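As written, the chain order gives the labels A, B, C and D, with residue 1 at the start of each chain.
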Amino acid sequence: MVIVMTPSATESDIDAVVAHVNTHEGQAFVSRGVTRTIIGVVGSEAVLESIDASGLPGVADTKRITAPYKLVSADNHTKRTTIRVGGVPIGPDTFTLIAGPCAVETPEQTLESAQLAKRAGATLLRGGAYKPRSSPYAFQGLALDGLRILAEVREVTGLPVVTEVLDVKDIDDVAEYADMLQIGTRNMQNFGLLQAVGSIGKPVMIKRGLSATYEEWLMAAEYVAQRGNLDIVLCERGIRSYEPSIRNMFDVSAVPMMQRMSHLPIIVDPSHAAGRRDLVVPLARAGIAAGADGVMVDVHPHPEVALVDGAQALTGESLDELAKVVATLPALLGRTSAAHRAG
Amino acid sequence: MVIVMTPSATESDIDAVVAHVNTHEGQAFVSRGVTRTIIGVVGSEAVLESIDASGLPGVADTKRITAPYKLVSADNHTKRTTIRVGGVPIGPDTFTLIAGPCAVETPEQTLESAQLAKRAGATLLRGGAYKPRSSPYAFQGLALDGLRILAEVREVTGLPVVTEVLDVKDIDDVAEYADMLQIGTRNMQNFGLLQAVGSIGKPVMIKRGLSATYEEWLMAAEYVAQRGNLDIVLCERGIRSYEPSIRNMFDVSAVPMMQRMSHLPIIVDPSHAAGRRDLVVPLARAGIAAGADGVMVDVHPHPEVALVDGAQALTGESLDELAKVVATLPALLGRTSAAHRAG
Amino acid sequence: MVIVMTPSATESDIDAVVAHVNTHEGQAFVSRGVTRTIIGVVGSEAVLESIDASGLPGVADTKRITAPYKLVSADNHTKRTTIRVGGVPIGPDTFTLIAGPCAVETPEQTLESAQLAKRAGATLLRGGAYKPRSSPYAFQGLALDGLRILAEVREVTGLPVVTEVLDVKDIDDVAEYADMLQIGTRNMQNFGLLQAVGSIGKPVMIKRGLSATYEEWLMAAEYVAQRGNLDIVLCERGIRSYEPSIRNMFDVSAVPMMQRMSHLPIIVDPSHAAGRRDLVVPLARAGIAAGADGVMVDVHPHPEVALVDGAQALTGESLDELAKVVATLPALLGRTSAAHRAG
Amino acid sequence: MVIVMTPSATESDIDAVVAHVNTHEGQAFVSRGVTRTIIGVVGSEAVLESIDASGLPGVADTKRITAPYKLVSADNHTKRTTIRVGGVPIGPDTFTLIAGPCAVETPEQTLESAQLAKRAGATLLRGGAYKPRSSPYAFQGLALDGLRILAEVREVTGLPVVTEVLDVKDIDDVAEYADMLQIGTRNMQNFGLLQAVGSIGKPVMIKRGLSATYEEWLMAAEYVAQRGNLDIVLCERGIRSYEPSIRNMFDVSAVPMMQRMSHLPIIVDPSHAAGRRDLVVPLARAGIAAGADGVMVDVHPHPEVALVDGAQALTGESLDELAKVVATLPALLGRTSAAHRAG
């Protein structure tokens, strides 16, 4: 069961609802989004039937949700959610380009990448300070130094920062510097990490697991939401397939499906799907046309010397092409560009 | 090795090249497309090295192709090929909508479907007279009666006809009535059928096998080409995946990949990928944005009583939405609409 | 609905049942196996309810089957079926080794392979005269000459022959020479071919399609059965997967699953699953231990010069190892070796 | 590069080798197994060429390893490794049954499960105190209380304990109570967790990720080994597939492949692969026959009331059947039963 509060509901209204739920032996999970608060209620069938919150102050609506994901389900939402990352919206009315280097290597490379990103239309900066690598011998990222570089580049460019957190022990550091925390593909079912990022009150991006079903992906989001944080963005980045000539198979159906199953924004990462530069722009176009609320891409001033995933980083001509797509295609589909706005 | 003839090469020029190849103990496969003829040469390394056709009359170019698909490879083509189906082009400069009922059921249903298709912008009519069905007890199509209905509807609407052939024994019938023969997903490696349709001189559409790699798909096209027919269209229709909420996973990467690997046109079939009406238009948009040369969709005047795949057939509002997409998106990407032209 | 006849039912008993079904507007499909005849009945719910064959002479049992595969379903069988190939049984009580060259190349190579096979315990000879090849330029098999070689080797060794048929046009030739016809992976949903082999009264082996579900595989068998032939053997040979170091992924779960879903015998082909010699014996052991009714493997006297799939052919030591497995493991699981017996 | 030390090498021998590597600007990773120590060396091509440890005291062998997994590669091992869990061996000469409840629920249920396990031939007890669940609302395990129950049951039954650790914060607790720590499927690429368990000096079992390639799986093991711990067991538990009637597809090829690629022991978990009781014994047989060094299964005294995965837990007749398999099949393949021995 989900209890949706009105935008004007007060903290004491919320407390009263939670108390009501507890009295009837249900468990209440309060999730706060930008525009409203939702209270998920879990309990036995008998418990749920005994709860009637519809008359309490501040309650807008009460709904039984049959999907196993309650708080992130589309069922209780007439309109999909817009979240804000350092003031930049991601949601159904806008289009947001997130761009930057796969890994933060040096202050210069990061700044140069961010400037390329901005010129292409990006309003958020991506960049990895902690890198999940298949090999323990590979470059694992600059860690705290990388976070500091990202923060400096944000100062210069004005672009809020999206960066991955790999480990619970790093969450406080990452949260101090980042505007949105990214949960990577390999950690989509690292439930401790999901719960931890759900508790810190910053927007979270959840990349789809390598072979995750749509439902498993939404259950990962539910883990974050259940800890009180509804500011979640889903990110499709390709699934494992048998085809040897591409790194992952970009599942563009995930875009309309997530929009039917959930109220959360959904963006696409064609760089990590394709693994090769020449496919990034066609796949970005496909994702936008399918209805994605944003695109995240790797850019690098000198891909040939990039420490991680240089083969997929946009630069020069391919980046200009992306800029043109971003400037025209979302508008054709009725979206405005997602620049920074006073929240 | 591939020997590309000039557009003005004569039959005796071609014969001379074949004779030259045979003299050197190579095998020559002559493939005729709309605009030019290509001669594939197969033989041992020593044989290939001994052949020098570059000075022969009518020879434009000679190329060694390392891909196992020789005649359909992009290697020997500066521009991707445009083929014509009853005068309607499918190729890199145009956008072609193919629409119609999944199965031909009655003259009325077929005519009505064709009129809906035409109104939505279709310039080719699809419709199944022979239906491959998982169950031997399911409706298998009207066969010859279905072909006759398609031909009558073509008379009325002016739309050339695309229809599937399942069996070598039906090829002459299908070729008599159809403007393009379709090889279905289940028959992508039915090599006898591929060779037979390669010999009849009509355009062929090859749907991707359920789990076919890009290379296997192009090898299927090579089977057709090797029999002398280069008028081939590839059609992406989704691959098998583990995700239970969609019928197949629409592999939009296939569009740019086929355009890099082959000179053949590539279209997409979002209806059979999704298996559900509400995804067809988003996936069609994605396919077009990725660069597809055309889209094929199921339409039906009364999907609720359709004998086959009613759940995915467009009608009413969803068809209007597709019409709007077809009218605007390809133009944004620099394509003109593919109406009938004097061949 | 399925009507199971008693072993002693006469042709006129069968005719009477069919007439009864027709009178009630149902369709009857008579399938004859080695030990008994089954009549599948298809029709609307009302039709099926109106039919009552339980009192007719020769009727052993009448059952409603909910699975879409009626004739091959396990539902109406207390014991799984044993079929006979040139007198050699394949079924739940025995273990059958089928071995031979992937492709018939010469009389000598085929004879030598058959002798190796026999020495390892094989009681059936496999060998391809028609080879389905991804490339139109690859060796396609010796065709009719290959069939004749197989027949000669059968004369010498006494081993009945299993060989693939690729095309309806070759069925009569193949049926003349072979004791069991094989439907290959790529043709599992070539419905015309399935119906044609269902009509010729010889045992049929159906290899699983590259990404076929269990149900689709059984529906392919149902196509054969519906044409009157219940002498069908299923063969698991690996499915497509993302793992690059093996050719296909051997799905050993298919063995117990087929035995729960169907009454047909199920064997495994570890050679085509693995694509590499060193895995063939471990996978053969796995298949036998899982309960397979037989194993089919490639053997070749000189794999290094084999025209097709030499890398997976057993010879020398690896074949000795298989022989040892075949001599011990099935017996541990309660099976006897399947030598030729008077049918 | 890998430097293999002799069994009699001293700590100062090891220190000298590390110092030698450091002098040449390489990085040395010391991994200690039961029988010998291996030192992995990482560095640029020039660095590796400059290092020559072959003459140093205690060095048995020096090898260049081309696989990205150095310490766990089969390349530098003439014999596969045996590890010991509370004195119980897992390795090439023995066969080890690990059994117990999926989740620890109560002391009684755990004890009863352990007694069933022991009677069936188990020498190690499995049981989950921390359960990774797709839903945040599902039972998450008894945590520390569960660990205590496992320890008590070990006291009573003498069975050493294998249990999963989900989170770095719980490692000390789990390591205090468990004899082997299990890394679950969802955490196979949780690199922080892998590094942490690699540092605590207890055996580690690594379950294969849901769609992990063989190489990715071994790289996960390399993360543990790189932190100094070579006592690693791999566990195949089924991969994601498109087949709807089974939960995961049991990849039996993983057994011989891991034995060719790595020196680590490999066991199989047919319970989590199948997800249904009736397949567990056939798949266990298949795994053993393929050469697995052990089997891990779920058992439960009352599966119908189990809190987690009751549908796959063995009990009664199915458990007796497993006991019979364990008593006969490994012996046929030359293995002895892995009871507790003085280490």
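Here are a few things to note about the model shown:
Rule of thumb we're sticking to: contacts are C-beta pairs under 8 Å (C-beta built on N, C-alpha and C of every residue); 3 or more make two chains touch, one makes a residue touch a chain.
Since the model is a prediction, treat every value here as computed from it, not as a measurement.
Looking across B-D, A-B or A-D, the interface that copies C-D in more than half of its residue contact pairs is found at A-B. Across A-C and B-C, it is B-C that has more C-beta pairs touching. For the pair chain B and chain C, the distance between C-alpha centroids works out to 34 Å. Chain A and chain B have CA centres that are 39 Å apart. Per-chain CA centroids place chain A at a distance of 51 Å from chain C.
Multi-chain contact residues of chain A, defined as those touching 2 or more other chains: 211, 215, 240-242, 244. The touching residues of chain B, when paired with chain C in their complex, are 42, 68, 70, 132-137, 166-169, 186-187, 189-192, 195, 209-211, 215-216, 219, 222-223, 226, 240. Chain contact summary for the complex, chain C toward chain D: residues 211, 213-215, 239, 241-246, 249-253, 255-257, 260, 273-274, 278-279, 282-283, 285-291, 328-329, 332. Those residues of chain D lying in contact with chain B across their complex are 240-242, 244.
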